[in-house]
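Both of the next two complexes hold chain A, though its partner changes from chain B to chain C.
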Partner chain A sequence: MLINKRLILAHFWLAFAGFGLALLLGEWQMFIRSPLHAWIGNPELYYRSVTAHGSAMAYVFPTLVAMGFGYAITEAALKRPMIGPRWAWLGFALVAIGTVVAMVPVALGHASVLYTFYPPMIGSPFYYIGVVIVVIGSWIWVALMSVNLYAWKRDNPGQPVPLAMFSNVAGSYLWAWTAVGAAIELIFLILPAALGFTTTIDAGLSRVFFSWTLHAIVYFWLFPTYIAYYTIVPRAIGGRLYSDAMGRLAFILFLIVSMPIGVHHLFMDPEVGSGFKFMHSVFTAFVALPTLLTVFTICASVEIAARLRGGKGALGWITALPWRNPIMLATAFSFIMLGFGGAGGLINMSYQLDSTIHNTQWITGHFHLIFGGAIVIMYFAIAYDLWPHLTGRALASFGLMRLQLATWFVGMMVLTFPWHWVGILGMPRRMAFYDYTDPALAAQAASVIASVIGGAILVISGALFIIVLIRGQLAPRVDAGPYRFSVAVHEPRRVPAALNGFPLWLALMIGLTVVNYGFPIANLAALSNTAVPIVPVGTGR
Partner chain B sequence: MSDETAALSPRDKWFRASVAITAGIAIVAAAVGFIWLPPFQAGARFQGVWNAICQAAGLAQPAPTAAEVVTAGYKTTGVVFTPGMFQGAGAESVGRGATLALRCTMCHGARGMSQANSPNLAGQYAAVVYKELRDYKSGARTSAIMQPLVVGLSDQDMRDLAAYYDYLPRPPAYHPASAGPPPEIVVSGATMRNIPPCAACHGGLDNKTGSPWLDGQPAPYIKAQLEAFKNGTRRNDISEQMRNVARNMTPDEIDAAARYYSSQPP
Partner chain C sequence: MTGDPPPSSPHDPGAEHALRIERRWASVAVLIVIFLIVMAAVAGVHQATMPQLKLELVDPRTLHVSGEFIESNLGTAVEPDGSVTVRAIGQQYSFVPQCIVVPTDTVVHFRATSGDVVHGFLIDGTNLNTMLIPGFISTATARFSTPIESHMPCHEYCGVGHEGMWGKVKVIDKAAFEKLAADRRRLTCVD
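For the complex of A and B:
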C-alpha cells in the first residue's frame, strides 16, 4: 500500500538527476587527466569538478535514495499510511535547498575543498552550510522512521516488526549517529573559520571527527542495497528468504561495529595513537561478519528459488534461475562486485598493508567498485522494482533494463580494475595532472585509457537508466497490485524483544563509539598548540 | 514500553551475551594494542607497561632527551602567517610607511619600482614585505646590503613599511601572446620531480599566503634568488617550500622562469 507516491517519486527523481549530472563530471575527470587529453592547465577546475562529483555522489544521491526507499518501506511494510508526510516534504525541501546552497559556490570555484573538507583548507561558508542543511533534512527522515515504527508497535503489541521496516529504521539510526561526527566538525571547527571568526583550525581533530562519519556513512549507503537483498530479491525471483532472524542479526551487527572503526581512515595520520588504530582495525575486521552472513543467507535464498523452479544438482540449480529477470541479474552483478571490492577492502583495513595503497588510485578504484558498483546497481534494481507501484504504469522495457544493468557491470569492471592496478604502481589519487611522457608514468597510460573507456560505458548505462524510468512514466496505466516484500521460509510469529527493537543495540553502538573515540578526541581537544593557520581556497579571493 | 526495554535488562540473555562478547573483543584488542605490541618498537619510551599504554594512546609527551629533538642547524624564520593578518591596515600606517620608505628609494625606486635590479616592492603583499624584513633582522635571510638597513626598524616600522608598499600600484602581469606560451615549469611544474606549478603559489592559478608577487621583478634578481634557494644560501622559506622547488629545477628552467616573470610592458 503506497499512498505518498509523489513524495517518494520526488526523492528518487532528484536523486537520479543529481546522479546523472555527477556521472558526466566523473567521466570528464577521468578523460581530461588521461593521456587522451592535453593538460587543462588549471588544477582548480579539476578540483572544482571532483568536489561537485564527490559531494553529489556521496552526500546527496544515496541520502535521497535511502529517504525515498525508507518512506516506501514504511507504508508498504507497515501496511498503513505514513505519519507525518508534511514533515517528509519539509525534509525533502531542505535536502533540495541544501544541495543548491552547497553547489552554487562549488560551481563558482569558491569551495574546491573536496567532499572530505580537507581542513586546514577553507572554502566558501555556503558550501558547508549547504551540507549541514542536507543533513538536517535527512534527520527529519530519521525522526519520521522512528515515529512510524513506534506508533505501529504501540498498535501491534508483541507483533514482530517486518524485516524491511526493522532494517530501514536501523539504517536511519546509523545515519543519525554517524552524521554527528561531521556535523560537529562543520559547526564547531570549520564554519567558525569559514565565517572569519578564527584564522586557525585544529586540522587533526577535524579529521578525527570526519573519520567518525566517514566509515559508517558507507554502511548508510549500503543499507538500501542490503535491504533489497533480503526483502526484495527472494520475492522478485520467486523464492523465499532463507532466514528472517539472520537478516535482523546482520543489520544489528552493522549498527554496532560500523561506528567504532573510522580511524582506519587515519592509519597514516599522526594524531591518533597506535593503540586506538589497532582497536579500530580489530573492529573493522568484524564488519566482514554481517556481510558474510548476508552473502550466505542470500545465496541460500536464491538456491531455494532455483530448486522451486526445478533446479537440480550441487551447482546445476544455478542454471534454473530466472536470469532474464532484471533483479536476478542485478543481484548477481552486485555480488561479484561485492566480492572483488570486499577482497580489496581486506587490504585497506590491514594497518600495515594500507600503507602501500594509502592515497593512491587503488582507493578510488576500490570505492567506485563497491559503492558505484555493488551498491548503486541495487539502487537501480530498487527503482525498477518500485517504479510501477509509484507511477501506476507498466515498466516493460525488460531488454533495456538488462542491457542497462549489464553495461553498468561491464563498465564498472573496466573502469575500476585498471584503476586498482595503477594504484599499486603508485599513482596518487586526487591529482589533476599526470605527465605520461615521463618514462616512469608511460607504462600507466594504457591502463588509464582503459578506465576512460569503462567510464564511457557507464555514462551510456546511466543514460539508459534514465530512459527506462522516463519510459516508465509515459507507459499505459496498469494496476501493479500491492507492494510486497519477501516472505521467509519460517515467517516469524514471535521474535525476542532484542531482535524486535533497538535500545540495546543503540546503547552498544554509542558505548563502543565512546570507548574507541572518546580518548582520542578528548586528548586532541585538550591540547592547546595543535591549531594551524587556515588555507583559504577558491578563485576570486 | 516493556517490550522495548526488556532487552536492556541484565537478566535478558541477549543483553548478557552481546555485552559480554563486545566487551571481550574490546578488552583483548586493547590488551594487544596497548600492552603487548608497543614494546616491540625500539626506544625506552615504549618499555614498561605504563609507557607502552601512554605511547599507544597517543598522549603528547615532551621528548625525553634533547638529542631526539630535531632542529635545523641554522636560523629559521620566526614569522607565522595567519590569513588576514594584514587586512585593514589604516591610512595612518601607510603614511608612516611612506616616510620610513624614503630611506629605501635609492635602491627600490621612488615608488617601489627599482631601476637597479633590486627587487621591486610596489604592490608587494604586505605579508611578504613584513616577513622578509623580519627575516633580515633576525638573520634568517642574509644580505650584506639589507641587514644593516633593518637593524633599527621596530616591529611597527616593518608593519608600516609593509602597508605602504602593499598600497602602491603593483606592476601588472604582462605576457603578450606574441611572447609565446608560458613556460611549462610555470603553468604545469614538473610533477615527476615534485615541482608544483609556480603559478599555483605565485598567482596565475592561485595565490598562497606568503608567496611574493613575481611579475615585473628584474630577471637577475629572480635568477639569483632561485640559485640561492637551490644551493642553500637562502633558507628562510617556511617548510623549505622554495628550496624543494628550486633544488629540482634545471638551469634552463630557472632561466625560463626568470625571463617569463621579468617581462614588463614596454
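For the complex of A and C:
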C-alpha cells in the first residue's frame, strides 16, 4: 500500500538526476587526468569538478535514495498511511534547496575544497551552509521514521516490527548520529571561519570530527542495499528469507560498530595517538561481522529459491536460479563487487597494510567499487522493483534492465581494478595532471586509460538506467498490486524486545562513540595552541 | 514478482536445524575477525610498522623564524648515534627541501610538518606514508637497504597547484653519503 507515491518518486527522480550529472563529471575527471588529454590549462576546473562530483554522490544522491526508500518502506511494511507527509515534503524541499545553495558556489569556483572540506582551506560559506541544510532536511526524515515506528508499535503492542521497517529505522538512527561529527565540524569550526568571525581553525580537531562521519556515512549508503538483500531479493526471486532474526542482528551490529571506527581514516595523521588508532582498527574488523552474517543469510535464501525451482546438487542449484530476473542479476553482481571491495577494506583496516596505499588511487578505487559498485547497483534494483508500484505503469524492458546492470558491473570492474593497481604503484589521488612522460610514471598510463574506458561504460549504463525509468513512466497503466517484502522461512511470531526496538542499541551506539572518540577529541580540544591560520580558497577571494 | 511458498510452522525440527547452521556460521565469522585482529597486532609489533606514539605540536606561523624547522635546519642531519634525521616542510606547492638525500643501511628519522594547509608525504615504492597537518609534527622511521631514487608526491589535495607538488628522495650508498656529510651540516640533493 503506497499512498504518497509522488513524494517517493520526487526523491528518486532528484536523486537519479543528481547522480546522472555527477556521473558525467566523474568520467570527465578520469579523462582529463589520463594520458589521453594534455595539460588542462586551468587545474582549478578539475578540483571544482571533484568537489561537485563528491558532494553530489556522497551527500545528496544516497541521502535522497535512503529517504525515498524509507518512506516507501514505512507505508508498505506497516501497511498504513505514513504520518507526516507534509513534513516529508519539507525535508525534501530542504535537501533540494541545500543542494542548490551548495552547488552554486562550487560551480562558480568559490568552494573548491572537495567534499571532505579540508580545513584550514576555507571556501565560500554558502557551500557549507548548503550542506548543513541538506543534512537538516534528512534529519526530518529521521524524525518521521521514528514517529511512524513508535505510532505503529503503540497500536500493535507485542507485534514484531516488520524487518524492512526495523532496518530502515536503524539506518535512519545511524545517519542521525553519524552526521553529528561533520555537523559539529561545520557549525563550530568551519562556518565561524568561513563567515569571517575568526581567522584561525584547529585543523587536527576538524579532521577528527570529520572522521566520525566519514566512515559511518558509508554504512548509511549501504543500508538501502542491505535492506534490499534481506527484504526484496528473496521475494523477487521466488524464495524465502533464511532468517529474520539474523537480519535484525546484522542491522543492530551496523548501528553500534560503524561509528567508533572512523579514526582508521586518520591512521597516518599526527594528531591522534597510536592507542586509539589500534582501538579503531579492532572495531573496524568487527564491522566485517554483519557483512559476513549477511553473506551467509542471503546466499542461503537464494539457495532456498533455487531448490524450490528444482535446483539440485551441492552447487548445481546455482544454475536453477532465475538469472533473467534483473533483481537476481543485480544481487549477484553486487555480491561479487562486495567481495572484492570488502577484501580491499580489510587491507585498509590494518595500519601496516594501509601505510602502503593510504591516499593513493587504491583508496579511490576501493570506495568506488564498494559504493559505486556493490551499493549503487542495488539502488538500481530497488528502483526497478518499486517503479511499477510508484508509477502504476509496467516496467517491461527486462532486456534493457539486464544490459544496464551488466554494463554497470563490467564498467565498474574495468574502472576500479586498474585504479587499485596504480594505487599500489604509488599514484596519489586527485591530481589534475600526471606527467606520464616521466619514466617512473609511464607504466601507469595503460592502467589509467583502462579506467577511462571503464568510466565511459558506466556513463552508457547510467544513461540506460534513466531511459528504463523514463520508459516506465510512459508505459501503459497496470495494477502492480500491493508492494510486498520477503517472507522468512520461519516468520517471527514474537521477537525478544531487544530485537524489536532500539533503546539499548542507541545507548551502546552513543556509548561506544563516546569511548572511542571522547579522549582524542577532549585531548585536542584541551590544547590551546593548535589553531592555525585559515587559507581562503576560490577565484576572486 | 513470484508467489511465496507456503510457510512452515515455527519450532519445528527444521527451525532448530537452521538455527544450528546459522550459529556455526556466526562462530566462523567471529573467528575470521579475531584472526584478522591478531594478525594486524602481531604484524605491527614484529615488523615495527607502528603509528607515531607522541603528539608533537608546532606553530606554522613561526616555523621560519624559530625552532627546528627554520630553513637552515631543514634537510638531512647526521646524529651522534650514527642515525640520520630528515627535517622537511610541505607548503603550497612544494617541499623544502625539494630533494631529500639519505644513506643506505642507516636508521632514518623523518620529522615533517606543514607551513599552511594539509599535505601528504609519500615516498613511492616504499610504505613511508604520512599526513602533514599544520600545527602538528609528523614523525616516521625507516631503513633503506638499497639505493633508490623515488618520487615524493603530495598525496592530499592542498589547493589548485596540488598536481605540481612533487618532491624527490635519493637513497645513496652509505659511504658516498658519509663523504658528502663530512663538510656539511645539513644535506639535500637540491641542485
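A few points about this structure:
Following the convention adopted for this analysis, the second predicted complex is superposed on the first by the 541 of 541 C-alpha atoms of A that agree within 3 Å, B and C clash if a C-alpha of one lies under 4 Å from a C-alpha of the other, contacts with A are read in each partner's own complex, and residues count from 1 in each chain.
Simple rule for what comes next: contacts are C-beta pairs under 8 Å (C-beta built on N, C-alpha and C of every residue); 3 or more make two chains touch, one makes a residue touch a chain.
Fair warning: this is a prediction, and the values are worked out from it, not measured in the lab.
Of the two partner chains placed by the overlay, neither chain B nor chain C lies in contact with A:P162.
Of the two partner chains placed by the overlay, chain B and chain C both lie in contact with A:V537.
Of the two partner chains placed by the overlay, chain B and chain C both lie in contact with A:Y434.
In the superposed model, A:G426 lies in contact with chain C only, and not with chain B. Judged by the touch definition given at the top, the superposed model places A:L308 against chain C, while chain B stays out of reach. In the superposition on chain A, A:G181 makes contact with neither chain B nor chain C.
Using the contact criterion defined above for the overlaid structures, shared-chain residue A:G455 touches neither chain B nor chain C, since it reaches no partner. Of the two partner chains, chain C is the only one that A:M268 touches; chain B does not reach it. When the two structures are aligned on the shared chain, A:N500 is found in touch with chain B, with no touch to chain C.
The partner that reaches more residues of chain A, of the two candidates chain B and chain C, is C. Shared contact residues of chain A, touching chain B in one structure and chain C in the other: 43-44, 271-274, 277-278, 282, 286, 431, 433-434, 438, 440-441, 523, 527, 533, 535, 537. Residue ranges of chain B in contact with chain A, taken from their complex: 1, 3-8, 12, 14-15, 18-19, 22, 25-26, 29-30, 32-34, 37-38, 53, 55-60, 80-85, 187-188, 190-192, 197, 200, 205-209. Residues of chain A touching chain C in their complex: 43-44, 47, 50, 112, 114, 118, 120-121, 202-204, 207, 235-240, 242-243, 246, 266-274, 277-278, 281-282, 285-286, 288-289, 292-293, 296-297, 300, 308, 325, 327, 346, 349-352, 355-356, 358-360, 425-426, 428-434, 438, 440-441, 487, 489-493, 523, 527, 529-533, 535, 537.
Only residues 1-5, 7-8, 10, 14-15, 18-19, 21-22, 25-26, 29-30, 32-33, 36-37, 39-41, 43-44, 47, 49-57, 59-61, 92, 116-118, 120, 122, 124-125, 127-131, 133-139, 150-151, 153-164 of chain C touch chain A when the two sit together in their complex. On the side of chain A, the complex with chain B involves touching residues 39, 41-44, 150, 153-154, 157-158, 196, 199-200, 256, 271-279, 282-283, 286, 431, 433-435, 438, 440-441, 496-501, 503-505, 507-508, 512, 515, 519-520, 523, 527, 533-537, 539, 541.
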